[in-house]
Amino acid sequence: MRGTLMLATGVALVPLILVIYYLLYKGLSSWSGSFFSTDPTGNFFGNPGGIRSAIFGTLEIVALASLLAIPIGIAVALYLTEYGKEGWFANLVRYFVDVMTGVPSVVFGLFIYIVLVISHAGGSGFAGWKGALALALLMLPIVIRSSEVVLLLVPGSLREAALALGAPRWRIVWRVVLPTARSGLVTGSLLAVARGMGETAPLLFTVSLATAATANLNGLMNSLPLQIYTDITSPRDVIVARAWGAALTLVALVLILNVIARLISRRSSMA
Amino acid sequence: MIPPETTSKEPKEMSAAEERSQQAEAAPDLAAMGEQRKGHGVKVRDLHAYYGAVHAVRGVDIDFPANEVTAIIGPSGCGKSTMVRCINRMHEEIPGARSEGSVTLDELDVYGAGVDVTAVRRMIGMVFQKPNPFPTMSIFDNVAAGLRLSGTKSDNLRERVHRALRAVGLWGEVKNRLNSPGIGLSGGQQQRLCIARAVAVEPEVILMDEPASALDPIATLKVEELIDELKSRYTIVIVTHNMQQAARVAKSTVFMLDGEVVEHDETTKLFTRPADERTERYVTGKFG
Amino acid sequence: MEASATTATGVRSRLERTPAARLPDQVLQAGLTTLAVLILGLIAYFFVRLIGQSSDALNKFGFSFIFGNDWDISRNIYHGAPLVIGTLITSAIALIIGVPVAVATALYVTELCPRRFRGALGMLVDLLAAVPSVVYGLWGVFVLGPKLLPVEKWFANTFSFIPFVGGGGSSITAPNYFIAGLILAIMILPIVSAIAREVLATVPAENKEAALALGATRWEMIRMTVLPYARPGITGGAMLGLGRAIGETIAVVLVIGNAATIGHHLFNQGYSLAAVIANEFNEAANQPLHSSALFAAGLVLFVLTLLVNILARWFVRRGTRGMRAPETDSGDAASASVASAGVA
């Protein structure tokens, strides 16, 4: 029986190994200086260009999404642990946040499309910031749940000691709870960011695709997942090769974030 | 049980007869297990046990005579539980734990090469401090658990489960709800259920690791009464921190300290005229 | 604190907080509560808008939207049975393949594997969740699909007597239900495994000991005590995996073939609710009925995943609470570890 289970575990890991192998095998050859420094040209013939705008776009969109999701997420988690606690309302919020983690990413994209894109809110149809909003909605429940777990790990005795010293609630939160939970919060946030970085569907309906690098979040932008998605179905081999290179880049970014997050959580005493 | 009498029996007398039969069912009835068997003794020789680098049991030699109750007493951390767990080879289940020495059940060393550890555990049963009936199983299935592991067929199974429940005096209390969950019983009943589970496979030896310490006084009394009955068929080793309990149930007692046996003697003698000074200090409550 | 005269007013002035000093706390509480209310409001708003956009198609097609088999863009008819069936088939494949492997992995990591490898193995399995779905799609299109095609053909020929799985002949193509289901299985594996590991860890050690002391082998002990105890929780984990499989869009749209028919064979092309939205989105941009149909597909998807998730969470909570009064509620830890492991 031990053998069967060990075999099953091996089987589970085979896809991971194969994916990474093929990413390296087919993607590394695309990597070059120009790969990272030129934008995709969008032309069917001729030089397909690199993925610079995709990288920039992803960084910009994910940064904005994180700026929204992480503070709000931690704030809601704070509400749940410090104020709401076991009350009926807090439990209701928890329940729905839990359920929200199961909502498919495509639904978030559709939602923003309906509410913001069709209506041309902000003077534009597709826009980078709308995509960021969709991603933020996706990341929010993840940040809330993981932050709540971490905040709950802060020993009650610490809070009590601070209360006994006569500190007001907000100061306890700011000076005792948050610093103690800091590494756990960072870990949870990094994992949420890694998740947001890899999502395609929400961007498909909110940002669409552009080829030029741009800092204008109020218009079309490129992004790594969308670039890959579009390139996969191309009949030209060089473009498909570019997709592999871009995929390798994306996975590298995501894995780095994951590894950093786990290293932080391992080192901290709250792990 | 009671042969049907003429119908002119008054209701009051009937209920007295019923009461008596109920009491009979509540008392441990080891005769239910069948004909008397002679038990087997255990000899522990030069036993050492380790948790990683910690030397918890240091060279212990004890004889546990057949069909007798031997108690092991000593302060917390003296190694009594560890030593007992070496007898049925449960100690080695703990990661990083190992043992050396020999434990013989009637001349067979349970640590010998080629000995099947699961067979050892079927011959040397164990009852734990905290009652641990299987929560997903009914009362019947709990008692049957050990029997099913050894492949007992179902007719034989039912009979042996009933016998075990009678033997521990639980039959009257549970006969009408054998299919209800094992954890639905009270603490004392759960512990007797665990004893029934151990007895059902008909081991040679029963090890009990502080079996009553989680129970209330009345339940404790019932368990002790049961132990007294059980010794007629099994060899029993009971770890206890309760000296009065040792005095009540055990013929001989071993006093352990810091992983070693300090004294091993007849219970009354150990408690009233201990040979070793450390034993005297312990039993008079000066420490531990 | 300086020593000061404890006159009545002196004490009161030290004890009372001025309204100004109380303000930050009140603001914080009010602010955070509002935020929490907004979250709930958002979800409700979701629903309302989505229903609004779907109403055209739903009104026009009624139940045929789900049960009718005729998804034809050229005639502007949107009966979505191929979508629903495709979703069900691929999710079923994902569960059949993914759950046993995930549970086996969890069992190995928690019960049988040498202690020092446990953390690393767990982390590796969790990393499966870190790979973005578009990368799985890429890999599926260019590696898994083509490489498995000969195997699929051999399988169909050898087992041609089994309906649905066997036979098929020339209709076997590289993008198909099976590849989609297989990729979904890989994607849900980390989720189910993470929850299974949490649940397996809650089995009380004393029950495992009791089984061993009765003479059970390791595997007998697992079968007797661990698996029955963990079953509700693992069921919940499997359902969470199901929810993920139902909603996965990008990986599926790349490897299922996007054929608006109900494939008769495991290795045929098909469609799914999520895939149709991604695939026909651009085309439907200026077609009101088509768009409405896509939104309706999104609505069905949303409701489906909500239901599955609600049921799943109930199971997981029941499973990690176990059958005794817990000292801590490990149900939250399980859900949160799932959340941070990268669950959709």
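A, B and C are the chain letters, set down in written order, and residue numbers restart from 1 in every chain.
The working rule: contacts are C-beta pairs under 8 Å (C-beta built on N, C-alpha and C of every residue); 3 or more make two chains touch, one makes a residue touch a chain.
Since the structure is predicted, the reported quantities are computational estimates derived from the model, not experimental observations.
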item	value
Greatest separation from chain B - chain, by CA centre	A
Chain pair with the greatest number of C-beta contact pairs	A-C
Euclidean distance of C-alpha centroids - chain A vs chain B, Å	57
Chain centre separation (chain A, chain C; CA means) in Å	17
Centroid spacing, where centroids are CA-atom means, of chain B and chain C in whole angstrom	48
Residue ranges of chain A touching chain C (in the complex, touch as defined)	1-2, 4-6, 8-9, 11-13, 15-16, 18-19, 22-23, 26, 72, 75-76, 78-80, 83-84, 89-90, 92-93, 95-107, 110-111, 114-115, 137, 140-142, 145-146, 148-149, 152, 168-170, 173, 187-188, 191-192, 194-195, 197-201, 204-205, 225, 228-229, 232-233, 240, 243-244, 247, 250-251, 254-255, 258, 262
Chain C - residues contacting chain B, complex	115, 204, 206-207, 209-217, 220, 224-225, 228-229, 322-324
Residue ranges of chain C in contact with chain A within the complex	17, 21-22, 24-25, 28-29, 31-33, 35-36, 39-40, 42-43, 45-46, 49-50, 52-53, 100-102, 104-105, 107-109, 112-113, 121, 123-125, 127-128, 130-139, 141-143, 186, 189, 193, 218-219, 222, 240, 243-244, 246-250, 254, 274, 277-278, 281, 295, 298, 301-302, 305-306, 308-310, 312-313, 332-333, 335-344
Touch list for chain B against partner chain C, complex	88, 90, 93, 95, 118-122, 125-126, 128, 130, 132-137, 145-146, 149-150, 183, 194, 197-198, 201
